[in-house]
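Shared chain: chain A. Partners: chain B in the first complex, chain C in the second.
Coming up: the complex of A and B.
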């Protein structure tokens, strides 16, 4: 399958890149590792007039640094470099796990970037298909149409799902993103970076570029973990995934954040499901109950648009959640 | 015959590995010819529709477009493997029967122009009701895909041997179970591609990945109404077949039509989606297996009814409907058996031959035997041994088995896997299972049945060997050179191979139905022996020796035991030239099969001259919460007759277990919408196993030394592809303590099986 022709720019500086994007707007797309963009472009899902390569900005936007209790990760940092960073492995083990789950080793080592993983488009079996395949169907919501083929009648919005491993974990870690645009820079919590709308899942303006991610390093007595279910050991997007981040004070849960992936157009943050754990020293049963609540919240979002049986996905939602909670708690307690 | 330094049985590096590793091998899509055009095919967006009209006028006017073809250019010419199954118009004239079927095609100066031209073709369709499963298809009021086939039954294979009902009546235990599986695909690494080049002498050269160049040429010459010698299929590197290249497709016909119309070379390269949907795929199956055993577990009678979703056209229908049964009647002794195989037309892509002939067939027969063994308190391995086919047996449909190492395969795999220490002794949710299978080495193919080879010599003593056998990745080129080199005592590097070119090679049945080594290898062996006989006659005269005492080895001819006093082969060849009796080896081989045997009308008689047998054992761990299966080990044993090259045989075993076993039994399936649209035609969502998903595999080569195979060789890998799938279903069943009826064993199906659901067909 061939790429459609496009203009190609490779600006030498951030300012030059931002100026070009401001000028071209939505007709241009950023190219980092290309692992999400290129398959979409080949399928005609992305039809950029101009592709702006970020390859000359790697030096500027790939650093992983620590400052004032926060970890800053450049958007162009190669996934393996982040996953293997000593601070990430030591203080954010869940993030290391999530990043190691992305794509395959070859993609993690060379081309895939953290920023690219966060900006990865939402997915659906009826959407991520070739132009010829889709030509036989009416355009769906994500293609500016008026139907959801996966959800059928009664579904009034795009139900494509976020299957980014990094996004789910970073959401649980309450990370922030730093964006740069024509009018300057702004910082957003990931919760606001993802719109929750399958049609336009990322809240970036047409002139903006993702510069990096900032994660507060959790205090001692914290733990995080990431779990996913997939049919194969690599390449596959998760069929269900869950991230958990827990901090303890005097043995009791002081903060807990969890998110589910492959359910909703954004990582599905489930604050109510885990709220009962706060102030508790939860046992296995309490974690299992929290996971069940998370699963119940997730159920209504699911439609049959991921390559796994829908009923199985509904049943499975609590499983990675419980496993992630258990491991995050064990890490927080220093027992793993 | 073989010497201590024999090439036979040596781990000889394949002659084709270097160019492939270096990226120098040229596949069809790599071919570039002067003035070559690019083709593109317009495909039906409907699974079932009447074509009311096709308007290509705008496409024809587009600059850069050099030819447009539709069914109107073809007089509705049809393809079918048998005269009585010719039901597929190579370009449909009035009706499309599956989503993705060819409707029109263009050849243009660029891919972009060809794509744009397609968008200008206007087709007026009248949609018809879409049938997506065998039950809808057989319903009384169902629309008929082909008017002459009531209830949409394309093929009915009806076999009954022995007293089946009496066998059940005499049985201590009888079980009847239902096993199901959806369609599967090949996912060859090379998507389908065709290049056609019309030559000034009126002939047409073609390149395409194929499993039988001579059979492709014959089908095309009929369809194109050209003499056979003018349709020339050339050799090209091929990236995999697995059964999915052995048929004839509209792709080559369309490319040929475009090339003839434009009078220019034309190249057509399929997308991955086209390769999946518009070549062939494995049949979905619903199989009812009923087996009766005595109190020891000896099978007394079996009755199998299988409904196969054949898709829109016949393809190899009668063969595809028979082979799953034939494999199992070869594997086990069966005093009485009944088989009713129904291949049903539906509005889905066309079902063809695939490496695993029915996971819901073979897996069912084997698993049911385990269930019966369990009820009898017997070890399944012992029950397999009790029922296993043995040398000298005759199968129910009348094939004599001249060599069979099945019991050795079962025992060796059992020993290597530690079966005795594991069966019923593993921790919870761990399991071990055994599968056994057998395949043919060719079928009765009428005039296609034989292979021929010739060998000529160069003055430096090197040889050029000529064979019609094609290599689609399995190592046939190496097999041919290895056999010739062994017999002629030549270094393989001094042998040039010409093969798989219909202009330069004699007829060959093709590299499918596991016949290449048995027929093509035997033909090459005969040619090499013929050449060697001539060489010895010339050399004997010069040496004053008896030809019967001579040996060819190391590029020399010498009296056995005196390698230092020989004549260089180069010298013998020159002497032969001077004496006016140049050495030219010729050989042919036609398997001894019963040519009266016919798939539907007479399924009795010798099916294949010999059969291979295999046994695989799998050990698994099941996550009872998610249903995900982890493979812990595979032990793969096959009687391949003789391993000509153990390195190649091991590769076939491992590839077979990966594709048939791990892919076929754990993950691979197509999913469809109710409109007949395949939701996973690409590598991302069709779950072919990855290297990281494979467990350690132990390969066990069992050599029964077939009496008529070349150096005793039969076939390598097919019975592993099948038995590995059976072993995995048995192992999962053993791990969860419940039978698994519905395949592949994706986690949702495993969870259902743990709950005791499934089986009766959903």
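Coming up: the complex of A and C.
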């Protein structure tokens, strides 16, 4: 498979990079590890006129540092380095699990970046295919067409899904992203970074660059966990995934945040499903009920867009959720 | 048409300079321009691992790496593992163990093994399997490959020559 021609720039500084992007706008794309961008470019799904390599900014944007109870992770930090960072392993075990689940050790985890993982495009069985494969079908919403092959008739917009393991876990951890553009910097919660629209899943302007991610380190008595279902143990996107983050006060749940992946164009935050756990010291049955509710709330979002039977996904959605809740709670209680 | 740019890097210890197009992948440059056809293209989209080479010591899918990303870097391919007629530790172990059948996955497997052995003194079976999990083999069933890497690690620990 060959790439179509494009120009290549490798700016030496952040200012130079931002100026180039501001000048070229949406015709230019950033290149970090390339493990999401290049397969899409080979399939003609991304057709950049210019590729702007971020490789000279690695020194500046790869640090993982702690400040005032917050962990800051540079966008170009390599996935394995974040997953193996002692603070991440100790205080954010769910994030370590999610990042270890990505692709394979010798690919995404040593080459892919956290920023690339967050900015990775949404995916669909009918979209992430070669040009020849797609030629047999009318262009879908994500290709500026007027149909969703996964959702079928009556579906009025793109139903591609976010399958980024890091995005789902960081959403449950209520992380924020820091963006830089022509007009300066801005910070926003991940909840607003993902639009929920399959056609344009990320709320970044054409001149903007993701600088990094900020996660508040949870207080003592907190736990997080990540679970996913996939066909293979490696080199495979999740068919369903779940992230949970729980904090306890005097043994009772004081905060709980959960998100499902591979369901919706953004990590699907399910606040109502877990709200009944607040103030409780939940047992296994209560967690299972919360997971069932999460599965039920996710149901309407599911269409036939990943490589697994739709009915199976509907029935299985609560399973990773229950496992993630159980492990997050055990960690918060210090029993695992 | 994108302009040609000069790519200067080191391949298997030798300085190389050539003009490439922006969209050329490292795999295309290695195989088609430098005639180093040891690195294979299985899928071309990052799934199989057959194209794996080391760039500045880290494994990379050459099919998903723009050649220009290796500017100024050091690339190691399967052709650079042996010392003349003498096979590397991993290569010798693969041959002896029967870890090679059709051989298509072997260059990628060897470089992944080389990377693991350069980072870990005595990797256990779990570490070997995790390292190789990014590589697909359609012939061997993996057991012989895992055995070969363990043998190479073992020999090195005992200070035996291959």
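As a working rule, the second predicted complex is superposed on the first by the 334 of 336 C-alpha atoms of A that agree within 3 Å, B and C clash if a C-alpha of one lies under 4 Å from a C-alpha of the other, contacts with A are read in each partner's own complex, and residues count from 1 in each chain.
Rule of thumb we're sticking to: a contact is a pair of C-beta atoms (placed from the backbone, for glycine too) under 8 Å apart; a residue touches a chain by one contact, two chains touch by 3 or more.
For clarity, every value in this text was computed on a predicted model and none was experimentally measured.
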item: Touched partner set for A:194, first chain B, second chain C, both or neither; value: neither
item: Which of chain B and chain C A:30 touches, first, second, both or neither; value: neither
item: Chain B versus chain C as contact partner of A:319, first or second or both or neither; value: first
item: Chain B versus chain C as contact partner of A:226, first or second or both or neither; value: neither
item: First (chain B), second (chain C), both or neither touched by A:141; value: neither
item: Partner chain(s) touched by A:125 [first = chain B, second = chain C, both, neither]; value: first
item: Touching partner for A:234 - first (chain B), second (chain C), both, neither; value: both
item: Touched partner set for A:107, first chain B, second chain C, both or neither; value: second
item: Shared chain A surface residues [contacts with chain B and with chain C]; value: 1-2, 233-235
item: Footprint of chain B on chain A - complex, ascending; value: 1-2, 125-126, 128-130, 132-133, 135-137, 149, 229, 231-236, 307-309, 311-312, 315-316, 319
item: Chain A to chain C touching residues, read off their complex; value: 1-8, 10, 31, 34-35, 38-39, 42-43, 51, 53, 55, 103-107, 110-111, 233-235
item: Touching residues (chain side chain C, partner chain A) in the complex; value: 1-3, 5, 21-25, 28, 44-47, 49, 52, 58-61, 63-66, 68-69, 71, 112, 115, 130-131, 133-136
item: Footprint of chain A on chain B - complex, ascending; value: 43, 45-46, 99, 111, 271-273, 625-628, 666-667, 671, 673, 677, 679-682, 684-685, 687, 689-690, 692-693, 746-748, 751
